[in-house]
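Labels for the chains are A, B and C, by order of writing; each one numbers its residues from 1.
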Amino acid sequence: MTNLLTSSPRLDAVTAVATGGRLWRRLLRHGGGRVGVALAFILALAALIGPWLTTDPDVPDYTNKLQPPSGGHLLGTDLAGRDLLARTFAGARMSLGAALLVMAIVTIVGLVVGVVAGSAGGVIDTVLTRVMDVLLGIPGLVLTLAIVGVLGPSFFNLVFAMAVTGWAGLAKVARAHTRGAGQRPDVIAARMAGAGPIRIAFGHVLPGVVSLLVVAATLRLGDTVVALAGLSFLGLGAQPPTAEWGRMLSDARETLSVAPFQIIGPGVALMLTVLASTLIADALRDLDEPENRR
Amino acid sequence: MSRRPLTIENLSVTYRNGFRAITELSLTIDHEERLAVVGASGSGKTTLVRAIMGLLPRTAVVTGRILVDNTDLTTISRRERRLLNGRTIGYVSQDPFSAFDPLRRVRHHIHEAWSAHGAAAPPDGINAGLARMGIPDPARRSRQWPHQWSGGMLQRATTLAATVHDPVLTLADEPTSALDTELADDALDLLRRTCSALLLVTHDLALAGRHTDRIAVFHDGKIVEHAGSECVLEHPRHEITRALIRAARPLPRPARTDRTSAEVILRAENITKSYSTRHGVVTAVHPTSLEIRAGEVIGVVGPSGSGKSTLLRLLAGMERPDSGEIVVDGRPMWGAASRTNLPRKGFAMPVFQDPVGSLDPRWPLWRSLTEPLVLAGVRLSKQQRREHASEALASLDMSEIDADRLPGTLSVGQCQRVAVLRGLIAGPALIAADEPTASLDVEVATAVSNLLRAAADAGAVVLVVSHDEARVRAYADHILTVREGIVAASEAKQ
Amino acid sequence: MIRLVVRSLAQAVVTLLGGAVITFVMLSASPGDPAERILTARGQESITWLQIEALRSELGLDRPLPVQLLNYLGGLATGDLGASWSTGRPVVDELATRLPATLRLTVASLALAVGFSLILGLVAAAGAGRFPDHVSRTLSMFFLVVPSFLLGIVILDVVVVGFGVGVVISDGSWSTVLFPALTLALASAASWSRVLRASLLGARSAPFLTVSRARGTTNVRRLLVHELPNALPPFVTIIGLEIAFLLGGAPIVESIYSWPGVGRFTVQAVGTRDMPVIVGFVMISITLFVIASLAVDLFNAVIDPRLRRR
């Protein structure tokens, strides 16, 4: 039975898929997975080289306010005359870069805490599990909001807040995998053949846990980007004049009726990010179906 | 013109991917006649049942005729088909445990035989029916949930539900593969009593012989032999039939003449093991003392939950006994530390029931196969390990399998053979096999038991836990029978 | 069954306690002097050092931290959440006046989300692989992919302002809850319908469904009598978990529609670094989440008799 306060079914779905090394190849063979990976690639490209292809996103040009899309400004300009395409690319760099940073931190912290809890057992395990359970019992966005309240609104603080609150689910997965390892038949066989704990840990347990967490974290990338954008939208993340998708949407609100094109850039970008993330997640879940295993 | 329960004429079934499951099949079943359909997995038996029930996917191509009680199933509408199911055609499924919706009471399941067709059960019909099936206190028990009933009782209830409308034809798809032998015979006796014409799909030839009038042997979607049951079993004509009979009844092992000099490898004195569960403390193994000699196969048999697996784990050093002592090679197996004190690494090696789980899914075969060698101290380069693994695979007629493959790409039978190879490769003195053939096809199971026998002949001692007592008796030297934690030793019959 | 309830309750208590400790840490770690801020908020012109000290003593801020923690926990138990640093008034009062509006929004969203996801999920599973399934899945994918704030501002601008339907500034009552609730509900509905569809299809492959078909049941009967009840536990579980997202999404939606709830109030509080209000909101969210989780656990135990024997 899953106790709601302590389980994370989204991550459970990933459990079996991350075994076996041919994951990426199988992903690319899946129809939806291919589209998802292609989108992710495009977004990464936009983030990496987009800003070099366009003008400075932060320089205002008040003579050119609220211009609809045209040859010179493919997505139009905002209230301060800044090119929206450039700002969208710059936002890509910020959002995707920040999301990757958050996921990297969260994965490492989750890995360490989970593996320690799972292998140490006893008091250490109990204490760490309680901490995980408490964190999972607080709605994520709410806690992030609170931490930003403590530290003050800024993009850096937002990233920090998300990193600090997001590791609990991953730690639970890592812990479960590590704890269960002792009962796995292949581990028992290894132990009987004479393998010591270190050899078992590095040969059998850790590769599986790392792969599991990396996949799980990747799946949450989309959610992370949206969360970052959402809180920036409220003014609690990126501060003006920084180009960030959520911020851009918030800026567009006042003049939305006369210049609706302002939401195209950040809106489409956000939607593509979530679409890519969802398609990849769906593909991974499909690959997990029994007919693809034995 | 008689209304024959089942007439099949030139039936062919081809699935969407082009696979021809059944080719030009013809057979008939008359009233009060029982036909067994036997064959290896993939031979078309299940497709036949699905074709009669109308459970094939829409994309399957069906040609030929299927007549049940003179109604041609291939030409009627889906609605008419549905009306036949449950009333004219009865169905008993493979696993009684999973035949019931876990969220509905047993009564609901039986009642569905009527409510599926918009009718209500006759007053007291269910209780009377259950009483006829031998279920005590039916009024109260039918209100219970499926998980509260035993397998045997569930089998009776689902058989009742299948036959309430006195179907002209009853289909039983492997109804006993999940049951112990005693229960399996009971279930089939029940079917014989309650059904008119019966089509029994089974892989168990002996069972078919005991309970049916005729046997049809399937292979690759065709019938290769079809005659009276005794005739088929005693005078098989087709090669496939002979192979099935051979695999089902393993040849008795020739007597050994040089057993007196075997040395004692392991001695257990008054070992016990208990577990605390939510129902209190359960004693899995009562004080037991035994001696194990090299070069022997020892079968450990008994009903499920009797403690045989626990006994195996204690003897193999996988778990520590609560009390008593185990002495190996003159030294106690367990010292002060929590690790065993065996004479060398890899002294005891396991073989598990689940072949897939016993190999690390991320490790290529050569790594899993040669790991015990490396741990035992043999220095091998990666290339040498690969070669060694390839040789090992070839020795078991698996040379077509590349040593770089992952376990996930192998079949269950192949995995288990690899797992056994892995267990034997470093020459262990003791092999602990827990249901090594339970999930395997009959032919692969024979191959595995031959491997284990060969290991014993080479000097190791092989402990085999199995619920297939007949198979184990064919190649074991001694049998340990475990009932509720109490062990009784005996010689295996020769 | 009793054991189940007791265990869930124990877990809930631990979470509440842990959450309280975390919020206390955040309170203590925030910059700024609470006493000074409260006095300023109350409208005092010139604040003397003596007044600050007096208030600090009154609030217990001069005691050692562990004692403060105990006072804090005691206060939570009695419903005392301190005073707002921007208005000076008790947090409980500020939140209590706004909580009903948020509850209305959350309940309406929950109802809409459950309703839509049931419809979408059942339609998709009933017509699996065919037209209804494709339509349903495309709709789900669309609403999954559009962030709630994007949807909100588009709805507000296009529907409300453009077509003149509904009001721009909501008053927090049931009559204006439709659009805010819809905005909050659609993403969740999309996500839940996909889970429901998957678990319905999963239930469909169970052996007892084959047996039921063999008895001659209709597709509809199987869907409603067997597949849906078996598919409910994972569906309800995901709902319980994602109530967290509903609670977290409330601040955003409330801000867009100017919904006078605690979410919007908290967002303003973050801007002014008014920690007691923020912390109060956190505790409310935890409490609501805990209640929802207990309800879900109980519901699953009622549906699935196998869970009761633990």
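Note that in this section a contact is a pair of C-beta atoms (placed from the backbone, for glycine too) under 8 Å apart; a residue touches a chain by one contact, two chains touch by 3 or more.
Remember, predicted model here, so these are calculated numbers, not experimental data.
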Point to revise | Chain centroid nearest the full-protein CA centroid | key: A
Exercise for review: Compare the CA centroid of chain C with every other chain's and tell me the farthest one.
Suggested key: B
Study note, to complete from the structure: Cα centre of chain A to Cα centre of chain C, whole Å, reads 21
Review point. Can you give the whole-Å distance between the Cα centres of chain A and chain B?
Key: 45
Practice item. Report, in whole Å, the distance between the mean C-alpha point of chain B and the mean C-alpha point of chain C. Key: 49
Point to revise | Multi-partner residues of chain C (at least 2 other chains) | key: 310
Practice item. Find every residue in chain A that makes contact with two or more other chains and list them. Key: none
Practice item. Give every residue of chain C touching chain B within the complex, in rising order. Key: 206-208, 210-218, 221, 225-226, 229-230, 303-306, 309-310
Point to revise | Complex contact set, residues of chain A against chain B | key: 19-22, 184-186, 188-190, 192-195, 203-204, 207-208, 211, 293-294
Point to revise | chain C-touching residues of chain B, taken from the complex the two chains share | key: 53, 55, 82-87, 89-91, 93-95, 98-104, 112-113, 116-117, 145, 147, 158, 161-162, 278
Point to revise | Of chain A, residues touching chain C in the complex | key: 1-9, 130-131, 133-134, 137-143, 145-150, 152-153, 226, 229-230, 233-236, 246, 249, 252-253, 256-257, 260, 263, 267, 270-271, 274-275, 278, 285
Check your understanding: Tell me, which parts of chain B touch chain A in their complex?
Key -> 316-318, 345-346, 348-350, 352, 354, 356-363, 368, 371-372, 375-376, 406, 408, 411-412, 419, 422-423, 426
